[in-house]
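The two complexes that follow have chain A in common; it is paired with chain B in the first and with chain C in the second.
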Partner chain A sequence: MSTTMPTSRQRRLRTWAFWAVPVLLLLTPLATNAYTQFIINGMLISILVTLGFTLVIGNLGQLAFANTAFFGIGAYASAILSAKLGLPWIMTIPLAGALGALGGFLASSAALRGIRSYYLAIITLAFGELMRWAYLHTKPLTGGTDGLPLPRETMFGISLSDDTLKFYIFLAVTVVLVKATLNLLRSRFGRAVMAVRENEVATASLAIPTARVILTTFIWSGFVVGCAGALFARHVGHVFPESFGMLHLIASFAMVLVGGLGSVLGAVLGAVVLTALPEYLRAFPGMEELFFGLIVAAVLVAMPLGLASLLRRLSPIFVERYYREES
Partner chain B sequence: MLMQLTLGGFAQGAIYALIALSLTVVYRSTTVVNFGHGDFVMAGAFLSYVLVVLAGIAFLPAAVLAMLAMFVLGVFFSKGLIRPIRGGPHIGLALMCISAGYILRGIARMVWGREVLPMPPVFDIEPIFIGNLVITGDAVFIIGTVFVLLVVFFGLLGLTDLGKMVQAVYQSPRGARLIGLNVERFNDFSWGVGAALGALGGILVAPISLLHPDLGASFLIKGFAAMTLGGFGSLGGAVLGGILLGLAEQYAGAYLDSALIEITAYVVIVLVLFIRPHGLFGRKAVVKV
Partner chain C sequence: MDTPEPLLKIRDLHVGYGKKPILRGATYDVLPGECLTLLGANGSGKSTSLNAVCGFVKPTSGSVLFDGIETAGLSPHKIFSHGIAQVSQARDLFPDLTVEDNLRLGAMRRGGKEISQTLQLVYERFPRLAERRKQPTRTLSGGEQQMVAIGRALMSRPRLLLLDEPSGGLSPQFCEEIAKIIDTLKEDGVTMLMVEQNLNLAFRAADRFIVLRDGEVVDGGDVRAMAGDHDAIVREIYL
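Let's turn to the complex of A and B:
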């Protein structure tokens, strides 16, 4: 399957389209009720979680499953900083991102020590579970199994439990981080990330500092997902250890794959498609697991390049620069 | 006290060894690490529960039937879902295993809901007392079963042509194909054996623990820890790693803090991978660039 690159006119159109989407989204609170708004807010969070994940497993091609750990770190950081230290929640977003980035740094230090492939998968899985154990066993800080509620807070005179206000904040954070990631991937650095995935030795031989590329990608992924964690803490208002378990991991996998591995557009598509559906399945025990499991298996066999590949076939506007389809 | 802990450690470790061994069987022939293996273990336990409690079959025939069923499931999983994506990237294979695990877990939860089921005790052996040491029937049965199985398993590998085939496929699938082995079918067979052995782990745990659909997750990590400790891809290492992990858990839980039992496996994984990534007996397979 060959894809043509977009013409310069189409590229301009794409820039317009990129900004038109969030601008149009500004109007959504007019057309939604509280429940739909809540789901849409959840979608924005999922977009960031999926984006951070796809950067590491898709773009960089590393089998690292620490994404859920970054997410939990971000959420707990935000909750602890606002509940225990009394920081305004909005301030905790970058701080949660920074702690997520620290998690990314730790995960990459494993990768840089030569722990790769399945070893990296296993050690990052262990990292995630260790974090969950830590949330459960540091009761004074995290509340243990009872979780940690976020304090009531107002911004511009509106309560932060208001889903419309949260929507605008979430949208702003999401747009900034998605745009920043796109710019990062379009740069010299983005080319290096792709080169590392394709052949690390050959990349190193071109005097590209592969270690720094891996480190930076993990840190950025941790930052994006950590920020998403802070949004999630406010979204649900109460963080519990169970939110950061294996079910979250398989859901993120499904979003990455359904959208298209290593594609920013795919991360957005996957998150949007798969956030709403499970809400309806939650009432039936086991259906969520079955659903995500079947979806991932089906996509792997039938459509390994995800929804983004369908759009690319439709119009070259959707072709991402420096995104190489595996043949 | 020490003797009691050691016995408990061996009984737990025997199960970890079995799970690590079943993971290694699949890994050696297909180079796929089954990230859904915990749920295969869980499925084995649930199948034996269904056969014993609901169908009223005696424990031993039920265990054999459950293992056979899991063997067939493993073969079909390999044929239907692993083969079509064999040529693709490793990430796809890992994800396929995870999703298979989730499908099994989803089915278990759909049928059982959020209940936690106790399996009726099956080994009505009076505990034996030697001084302060209490030897329970469960411990004897688990250690005995695993021991017999290991003797048979390593006997088959060491003394028969099957063992040579296993070695040939592990060393070079391409070479094995050249000398006329049907590697594809061999891989399906390995998946079946791996699934059946993992299921046996679940069957052995079932009578001494409570059954719930999330049972598998911790066994997966423990299997990984045992494999990592023993060395990835080493069959003997997997067994030894499992036993050592079982002992380490018991000692850490008793002498340090009981909350540590849950995370011993994670700590072992992290420490081993950072200090000696190829474990005790593994081949050095670490990428250095």
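Let's turn to the complex of A and C:
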């Protein structure tokens, strides 16, 4: 399947559309109740988690599953810095991102040693499980199985347990990180990321430092997901080790695939749809998991390139630079 | 007339895959500005020789001296940085990137205004690529893909261009076009080391040749001196 690249007019339109969406979203608290707002806040977190994941497995083409480890690192970093060191939660977001980036650096070390494919998958899965073990067995720091609650806090005189305030903060962080990732992928660096995925040896032979490209992508992925972890910690108010296990990883993976592997737009769509879906399925008690699985399978069979491919067919403004359609 | 100092000196080069030796003490020079072609039967070590020069395989022993710098054993990206670019037999293009993106990847390490100027020069050399600059390379014909591969190598402004079977899989008509491309590259002073099975192209485009057999240099000379006596070369290679 081939896609038409957007014209310069369409690219301008895309820029307007990119900024119009968050501006319109600013109005959502006016039209939602507390429950819906909570779900929308969860969507924003899922967007960042899926974005970080798709960068590594979709754009860079490395079968690495350390995403949930980055997420847990970010969430625990934020909770520990808030609860143990008394840092304002808002300040813990970039710090959680930095620690997530450190997790990305550690995860990339396996890829940089030439470990690929299923072997990389197993090693990074083990990294995630190791982190979960660490949360469980460092009780003085993490609270062990009891988890770690975040202290009550106010910002601008409003409690941070207020979902509307959280929404505006989450939205700002999400827009900044999505835009930064888009810019990164549209740059020369994005071209190098795609080249590494297509043919690593040929890329290296063009004097492109493939190791640095791999390392930077993992670090940026870790940063984005680490920041998402900090948002999650405040979103739920109490972090538990169980939140960062295989179930979360599988759900994130499903979001990546349903949205469209390696697509930023796909990450957003996959996260939004699969965060909302379980809420609709609550109408079918006892059958939620079955329906959820069937719907995900049906989407993947009908649209192997994910939901983003639908929009790309509608208009070239949804075509992402250096995005590769696999057919 | 004095012979100029060689740009590339290969000395007693040994390369093998596992325990199987492919090159067994090959020794030859490439002079600045010339096109040297490596001839030989399949398995004689021609492509391995190019791969050793550009770092895709590491020599077990011997020396690859490029403009006085020892490059044997360096990684491909370091060798590329010294000014050696290869157009491999498989072309190694990025099929879903556009022609222009493929070309720009060849100059990734440079940057600045200079890239646009070099890109313009490549488009002047290959006007067909300029017409197809926004097309994914997978949609191009074999000949056009070969132009992209050569153009991408030229984007790095190489001092030595390695061409591994540039006529591979191309029509006889396009082989003539390849020969013309090599002529213009020579006019521009690009030094080339080429592997070519098509003897007509090899003798049409090269200045000198050497014959490899079982990983050793067994013959060589000036192409003009061999004009009209291709049969002797064929006997040397295959019999």
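List of remarks:
Just so we're on the same page, the second predicted complex is superposed on the first by the 302 of 327 C-alpha atoms of A that agree within 3 Å, B and C clash if a C-alpha of one lies under 4 Å from a C-alpha of the other, contacts with A are read in each partner's own complex, and residues count from 1 in each chain.
One rule holds in what follows: a contact is a pair of C-beta atoms (placed from the backbone, for glycine too) under 8 Å apart; a residue touches a chain by one contact, two chains touch by 3 or more.
Remember, it's a predicted structure, so these values are computed and weren't measured experimentally.
When the two structures are aligned on the shared chain, A:Arg113 is found in touch with chain B, with no touch to chain C. Look at A:Leu257: by the touch rule set out above, it reaches chain B but stays clear of chain C.
In the superposed pair of complexes, A:His137 makes contact with chain B only, with no contact to chain C. In the overlay built on the shared chain, the residue A:Val201 is in contact with chain B and with chain C. Of the two partners, chain B and chain C, it is B that touches more residues of chain A. Contacts of A:Val176 after superposition: neither chain B nor chain C is touched. In the superposition on chain A, A:Leu294 makes contact with chain B only, while chain C stays out of contact range. Comparing the two interfaces of chain A, the one with chain B and the one with chain C have residues 201, 204, 210 in common. Chain A meets chain B in the complex at residues 57, 61, 63, 110, 113-119, 121-123, 125-127, 129-130, 133, 137, 200-201, 204, 210, 246, 250, 253, 257, 261, 284-297, 300-301, 304, 326.
Chain contact summary for the complex, chain A toward chain C: residues 2, 5, 188, 191-192, 194-195, 198-199, 201-210, 322, 324-325. Residues of chain C that touch chain A in their complex: 54-56, 75-78, 80-81, 86, 88, 92-98, 101, 104-106, 108-109, 111, 134, 136, 139, 152, 156. Residues 33, 35, 81, 84-85, 88-92, 94-96, 98-103, 105-111, 113-114, 213, 217, 221, 224-225, 228, 232, 259, 262-263, 265-267, 269-270, 273-274, 277, 286-289 of chain B touch chain A in their complex.
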